[in-house]
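Letters are used for the chains, namely A, B, C and D, taken in the order the chains are written, and counting of residues starts over at 1 for each.
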Amino acid sequence: MKATVKFFAAFHDMTGRRELDLEVREGLTVSELYHDLRARFPRLADYGGSLLFTVNAEYVPADHALHDGDEVAFIPPVSGGTHAH
Amino acid sequence: MLISITADPLDPQPFIEHVRRDESGAVALFLGVVRSSNLGRRVLHLEYDAYPQMAEKKLRQVAEEIMTRWPISDIAIAHRTGRLGVGETSLVVVVSSPHRREAFDACQHAVDRIKEVAPIWKKEVWEGGEAWIEGEGQPTLHPE
Amino acid sequence: MLISITADPLDPQPFIEHVRRDESGAVALFLGVVRSSNLGRRVLHLEYDAYPQMAEKKLRQVAEEIMTRWPISDIAIAHRTGRLGVGETSLVVVVSSPHRREAFDACQHAVDRIKEVAPIWKKEVWEGGEAWIEGEGQPTLHPE
Amino acid sequence: MKATVKFFAAFHDMTGRRELDLEVREGLTVSELYHDLRARFPRLADYGGSLLFTVNAEYVPADHALHDGDEVAFIPPVSGGTHAH
């Protein structure tokens, strides 16, 4: 089945890509997908527990299983809004 | 309600006009602005990157949450993306309400929530280096 | 610091530009706006009258008090006089600061103080009547 | 000696004037001046203790004595700022 991965911010810098279409196996979880991608993009950092995952633009747990056609993104701690903390 | 993620410069005036109603006695407005130094580093410019569709959805959720919690007339939230120089506006939050207390409270709370939940990141570029700022906020995982 | 008592329409943009500094990360702004109803009466328009030289002096004192109490970069206060229709802006208060919390706090406190000390009055004109609104604020007598 | 009285807001409506130049006696207090003016302008309301006085654009107590050339104004409770209480 297919999934699309979107790369933002640091992930864009680390992969040089904005988007990647992948063939993934049925039942793959988002954290497994991230693990697999680190083999392909060695610069992908280990964010540990502070990395969040989204599927189809909603936050999901790390063990969320993918479905065909899903759009996946990796969300490091956000820093939008202002420049004044 | 108006939610916008845009690469264009942010002018607050149209947002003020959008939220004002005949019953509004108060308009509270917040501008997030790029400043020239942070943590002792001289900042040359910032780059904001967003997951646009999701950021728009999350900002809309914040706006709805604020409208539910305070008796305000309307709210507008706009976040800019791309490269911003010192003095440029990254965030506009405007709240209108019949009375002033809730306009201030709702506006301030909206700014706090936006930093927590919106999938938007900033990279600071200073002389001789740059870094994505990560860790000011961390979206909360909860069923939606 | 910019203090203004004026019969001209108030546009917030020049005040935002006036207070912003390169160290400013936050700008908080408040607009007081004429609303269409008050105490159940349909308001046609308001008339603001001021003791101009004294109002300017009092607004300047408020601004100085705010600058002393909060670590903000700058503040601007402008109050309009004369006849204002529904939706027109009577008061603009803008505060810039490195961080956002003090911009909000200082702006809100300034609005509260302005209503207390400035020799400015409003008359509400509704269908079939009009009245000077007296008693919302009462300046405090203290040696200066 | 001379004093100038300024009329704002309700006082302007009650007197029909913006300003009035007066000959006043040495040592007259601002509250005595107000009392005298009520004889001339019967519509001037009795604000009691909620009326404040200014001399040369500073608030002064009711028993403040006038000097030659002073600018006096009467300040009912103010209501500037916003239309939103």
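Assume contacts are C-beta pairs under 8 Å (C-beta built on N, C-alpha and C of every residue); 3 or more make two chains touch, one makes a residue touch a chain.
All figures in this text were calculated on a predicted structure; none of them were measured in a lab.
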Whole-angstrom distance, CA centroid of subunit A to CA centroid of subunit D, is 72
Whole-Å gap separating subunit B and subunit C, where each centre is the average of the chain's CA atoms: 24
Cα centroid separation, subunit A vs subunit C, in Å, comes to 48
When you check subunit A against every other chain, which residues touch at least two of them? 82-85
Contacts with two or more other chains occur in subunit C at residues 24-26, 32-35, 98, 100, 103, 111
Chain-level touch network, classified as line, ring, star, complete or other: other
Contact pairs between chains, per stated definition: A-B, A-C, B-C, B-D, C-D
In their complex, what parts of subunit C are in touch with subunit B? 12-13, 16, 20, 22-37, 86-87, 96, 98, 100, 103-104, 107-108, 111
Residue ranges of subunit B in contact with subunit D within the complex: 24-26, 97-100, 103
Contact set on subunit D toward subunit B in their complex: 82-85
Partner subunit A, residues of subunit B touching it in the complex: 32-35, 38, 43, 46, 48-51, 53-55, 57, 79, 90-91, 111, 114-123, 132-139, 141-142, 144
Which part of subunit A faces subunit B closely enough to touch in the complex? 6, 8-10, 12-13, 50, 52, 54, 57-59, 61, 73, 75-85
